[in-house]
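Let me begin by handing over the structure; questions about it come next.
To keep things simple, chains are lettered A, B, C and D as they appear, and every chain counts its residues starting from 1.
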Amino acid sequence: MDLGSLLNALILGVSIASIWLIAALGLTIIYGTAGVINMAHGELIMLGAYSSYMLQFYLGLPYLLCIPASFFIVAFVGLVLERGLIRYLYNRPLDTLLATYGVSLVLMQGVRLIFGSDPKYIAAPAAFSSNISLGFASISTFRVVILGVTALLVFGLWLLFYKTRFGVQVRAVMQNKEMAASFGINSGRIYMLTFALGAGLAGVAGSLFGVLAIVLPTMGASYVVQAFLMVVVGGGSLAGSVAASGATGELQSVLAFFTNDTFARFIIFVLIVVFLRFRPQGLFAQAGARR
Amino acid sequence: MAGLLEIHNLSKSFDATKVINDFSLEVVEGTLCCLVGPNGAGKTTTLDLITGRIKPTSGKIIFAGEDITAKHEHVIARAGIGRKFQVPAVLRDLTVRQNLEVSYSRQTNPFWNLFKFRNAGLKEKLDEIATLAGLKDRLGERAGILSHGETQWLEIGMVLMQEPRLLLMDEPIAGMTEGEIEKTARIFKDLRKTATLIVVEHDMGFVREIADVVTVMHMGSLLAQGTIKQVESDPRVRDVYLGEQEAA
Amino acid sequence: MQFTRRNLLKTTAAASVAIAAPHLWLPSEAHAATLKKGEPIKVGLLFSLTGALAVPEEDSTLVLQYAFDEINKNGGVNGVPVEPVIVDAKSDFNVYSEKTKELILREKVIALFGCYTSASRKAILPTVMQRDHLLYYPTCYEGAECTQNTICTGPLANQHSQDLIPFMVEKFGKKVFFVGSNYVWPKESNKNAKVWLEKAGGELLGEEYIPLGSSEFGPVLGKIRDAKPDFIFSTVVGASDIAFHKQFKQEGFKVDSMPIASLTTGEIETRAMGADFGAGHFLSAPYFQTLDNPTNQKFVEGFLKSKYGKNGTTHYNMEETYLSAYVFKAGLEKAAAAVGVENVTPRSIRDNSGGIRIEDAVSPEGLIWIDENNFNTWLKPKIGQCQADGTFKIVKAADKQVAPDPYSIYPDAGTCTKDGLKGPDGKVRKNVI
Amino acid sequence: MGNIYHNKTAQWIVYAVFFAILAVIPIKIDDSFLLNQLATYGVYGMLALSISLCWGFGGILNLGQGIAFGLGAYGMAMTMQMQSQDASNPIPPFMLNNSLDHLPLLWQPFQNTTAGLILSVAVPTLFCAVFGGIMFRARVSGPFFAIMTLAMLSAFYTIIIDRQPYTGGVNGLTPPSAFQFAGVEVDPYSPTAYWVVFCFLMGATVVAKLITQSSFGLVTQAIRDDAERVRFLGYSVAGYETVIYTVAGLIAAIAGCCWVMLVQYVSPAQLDVSFSLSMVIWAAIGGRHSLLGSIFGAFIIQGAQSYLGDTFLATWLLILGGFFIIVVRFLPNGLASLLESGLGLLAAKRRSSSAAVERNGDANPMPAE
């Protein structure tokens, strides 16, 4: 084992972290703000991939435009979902888990009915199919793109939540819904918008994963549990999810370097359980209203 | 006479803020001690510390000769301390009867309770307390639908079902009618024969009527202690209360 | 309360009386599916039409329906049409098990066609064996199994890499890296590959397994980059395989200097990953859509034009599945001739299937036959290289059929015979799975 | 007074009728497939029951019930696998393929059927007691505990796949012959197998019902309502939570053993997240506050899956998903709450029509049942 390889593993860890993070971002927003356990998050990611595919295949949109377009399409789906179902369940967090599991089945089968069960293909610019070599280390361009998009989104969310009026309102609703209402903040609207935003973020993740891996009706299922673990370990806050994904991504990469991928996962799951045992509120807990 | 409850030099800080500062108190068995003080004086925090809900930064709490500092809530409760919360906390999804039944916690071991279907002495006690709390006709109702006053009574009933040696009552008469307040005062006086009480209350009229000893807290420390007359004539107490009124 | 207890007691009493009744202790009747005059021959199609496994298995159902339509159009089996009973196993192994029972016990089918993964096969085999039924397993698998109730028309691990490894070593170099999905088939296939690698004088630089369904190949590709092999031998399956090929290119690996030799990356996969990710890599399979012979042309054209051909391609797994229908037809006809139509049972079909040949005129991949001992298939593995359009160019074909040997790497375990696994001590054990 | 739904005597009568019907089936019906299928549903019923006990009554949402079920199932499969090995052939075939030449220590106790059965039940139960004990003492609760069970489940799932030489990996274990007990082979299609499952289901249900009616059950329902408050009544919340979680685990472990007896097969799929989720869904659909309702939930969902799944092939998951959404949205307490409110309406009508015939009996209202 030489230092260069370990360094490579560390760099790769950052990339893996960004993948875990971008899958978890939308969920962080939704769970952090409204406490909704959205089991359909994976299917929203899947919808993002399919909308990119659709836009590219039927409208010939270039891939780079498909990414933001997927955001809006899936955000709209999220909006409909929130208005039609989720808003009736805000005071029953565990029930949101079950209802959204139902939603995930519907979305998965719906997409299968429309597009069939064979995998689809999203074409990315040829420039993305290469790697960047820095002499000692090497990383694929597309991973850098994902990293860049993730960083951009995190920064944007930070601006949105900490530097805008909307962000103040969101945090007010998170801390105390009744109090916020007395200041004229419409919590229903805030929830609706954050849910749509979270869904849109899943859409972005989907259009990226579609290129990195595969576009299938079932593709979402593999992301939802790990995204959830990130959110809970992080404590439902943006910073928490960043930190949790960072730590997990590095661990995954380094452990896989020393052992193998499967065992690395096992260790991560166990570490998550141990961690939550000592810090059930997560890394950076939201200062939400707790009894 | 030794104190049933002795608090020695209790302090509690949240981050940098000292909420309770070197607070000591002794409550004699069979007395009713009223804990008064302006908002934020640390009254409820003191109750939290006594009942183990939060752990003190330093200091000691002795109950019936036993050190209960930083013990778990249920251990302290089992030792004989019952508590009524400021915001009435009843089990809203259970019926009034079930609320009272579950409070009759003579047997707390989960394994024993697995094999326990009838509770000796429960029925008499339940009848007595339900009558006392005026909830005799409401036993079958879900506690969540009770009015605020009824909920207060239910929680008082729950504390009584526990048969504690020391009762901590956090603002027991909030939301009660004149008649009910009188009734409460009567009950508390009765209780003093068998138990010891600490009552946190703002209503000075009520305090005047029931208190054996009044303890005044300010900024997390003991400000004054004595009979109601002594306390009311204490200039420091007046300052604190007047100061608060001016600020408000 | 008292009343209730009495009720309970009564129920329990009823239960114990029922248990005590002697006839209930008998094992239920042995299964005896037979053919009835004037009724179509029922066969069960046990594949996943929904869920993660639907990608390959839906095609299997379609191609079998096509095959049976073709058989029925040409007079059926022994003059009787075949009626496929189609169920959906929902990619859920519990459902595989339940549906198997339903097909055998309720539908009383004469044979089952099903499964794509070893895990689902293992899930249903106890039931199939216990009912002494017959499963056509129409795809490649690892071997190391000797049951009296399966017929397999795909390549075994020993057939799969026999040509591929020496070919790659000769063409690209001695150093190889093994990558596989983390389950039994890749591990067993790699053991076989190691045998051929040793014979070819190659060198194994590393062996990595990634979780099934995972799409994160960063760490594995990092290790490959460090190891610098001449080629990669891949047994990654399903969605992971597509992610693997994509990330291989995205990470800057060049297909010319380090191609992937795969046992799984066929026409479906190359189309799903986009041909530019697949082009240049190699696949070992008994069948490719581009095979140039009249039977295959007829099969490809006929299938794609039929109502089952909506997916627009044929690939090795579909062809192996297609063949299983004809193996069944021949076996049933032979059994009927041997024991009489009325007495045909799943077991008698199986016992009469040894040595069945599917000739060039029927088999798109060319002549195959069923081994008389282990009931796997003699076939010619071929090596194809993926082209820019996603089809494969055959670069090498075995000159003669290769024998299937389920225990090739476990000679100590014994040899698989018609009646069971014959151990070194001469004892024959039935149903070794 | 009140709704007959909450009447304890009436509840026991319904339970008795339910099990009486189940008991009649094998006597009246001679269909080995149906018996086997119903027995499998019985296993699912036990799982739904365990979730109802743990979640509906204890307030502990457990998304990892597959751990207890799976460990029990693996134990049973190991026992059955070892039953089919003999002196000439001492180790399971899959181990040979994984280059093991002797029986691993982990497997050795399973050579003895009794020891194997005891371990199959004891190991998962012990796991629940230890895991639950540690977590509940740390006051992990609500969604956090749910997520941790999910993580733990994924950990088990992964390690079983990774340790292929000991576990058979993804392929799992497939004992080639039926379970033998005291010299009798339990044919999975026989009424015997049905009776075994029936007895365990009935036993588990009666025990669970008694638990919910005991003082213990009252305390757990209070904990579900407001754990914090219950502490101040002198109850060790962690103790109660651990016990009910462990009892639920025990039921699931027994279910796992029964399941392997019926299907002769176990694989990591039994520890898959989606399987554990479906257990929760059975209970949620049937009504998690009702033990019998949860069992019904399992029967209904699985029955529909078996009998309608192929009819509505392409749209089945749409229907199923839509059904979940509707039930959760409009019937948060499941189908059982339909019955509850229906009977409640009836009671109200009767009360208003025939004035007040006050009964003082032991009709004890139990909103939780």
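Simple rule for what comes next: a residue touches a chain if its C-beta (ideal position, glycine included) is under 8 Å from a C-beta of that chain, and two chains touch if they have at least 3 such contacts.
None of the values given here were measured: they were computed from a predicted structure.
Student: Please state, in steps, how far subunit C lies from subunit B along the shortest route of touching chains.
Tutor: The fewest steps needed to get from subunit B to subunit C is 2.
Student: By number of C-beta pairs in contact, which chain pair leads?
Tutor: C-D
Student: On a CA-centroid basis, which chain has its centre farthest from subunit A's?
Tutor: Of all the other chains, the one whose centre lies farthest from subunit A is B.
Student: If you average the CA atoms of subunit A and of subunit B, how many Å lie between those two points?
Tutor: Spacing between the chain centres: roughly 47 Å.
Student: Counting only Cα atoms for the centres, state how far subunit C is from subunit D in Å.
Tutor: Distance between chain centres: 34 Å.
Student: Averaging only over C-alpha atoms, locate the centres of subunit B and subunit D and give their separation in whole Å.
Tutor: So the centre of subunit B lies 42 Å away from the centre of subunit D.
Student: Multi-chain contacts in subunit C: which residues touch at least two other chains?
Tutor: Within subunit C, residues 50, 182, 211 contact more than one other chain.
Student: Enumerate the residues of subunit A that touch no fewer than two other chains.
Tutor: Touching at least two other chains: 109, 112, 221, 260, 262, 265.
Student: Find every residue in subunit B that makes contact with two or more other chains and list them.
Tutor: none
Student: Among the chains present, which pairs are found to touch?
Tutor: A-C, A-D, B-D, C-D
Student: Flag every residue of subunit D that touches subunit A in the complex, lowest number first.
Tutor: 61, 134-135, 138-144, 146-148, 150-152, 154-155, 158-159, 161-162, 228, 273-274, 277, 280-281, 284, 314-318, 320-325, 328-329, 332
Student: In the complex formed with subunit A, which residues of subunit C make contact?
Tutor: Where subunit C meets subunit A, its residues are 50-52, 54-55, 58, 182, 208-211, 213-216, 218-220, 222-223, 225-226, 239, 242-243, 246-247, 249-252, 268, 271-274, 276-277, 310-311.
Student: Under the definition above, what is the set of subunit D residues touching subunit C in their complex?
Tutor: Residues 8-9, 12-13, 15-16, 19-20, 23-24, 26-27, 31-33, 35-37, 40, 88-89, 93-94, 96-98, 158, 161-162, 164, 168-172, 174-178, 184-185, 187-192, 195, 198-199, 202, 206, 263-265, 267, 269-270, 275, 305-306, 309-310, 313-314, 316-317, 362 of subunit D touch subunit C in their complex.
Student: Taking the complex as given, what residues does subunit A use to touch subunit D?
Tutor: 35, 37, 39, 85, 88-89, 92-95, 97-99, 101-106, 108-110, 112-113, 221, 225, 228-229, 232, 260, 262-263, 265-266, 269-270, 272-273, 276-278, 280-281, 291
Student: Could you list, by residue number, the parts of subunit B that touch subunit D in their complex?
Tutor: Answer in residue numbers: 51, 53, 72-74, 77-78, 82-83, 85, 89-95, 97-99, 101-103, 105, 107-111, 113-117, 119, 140, 142, 158, 162.
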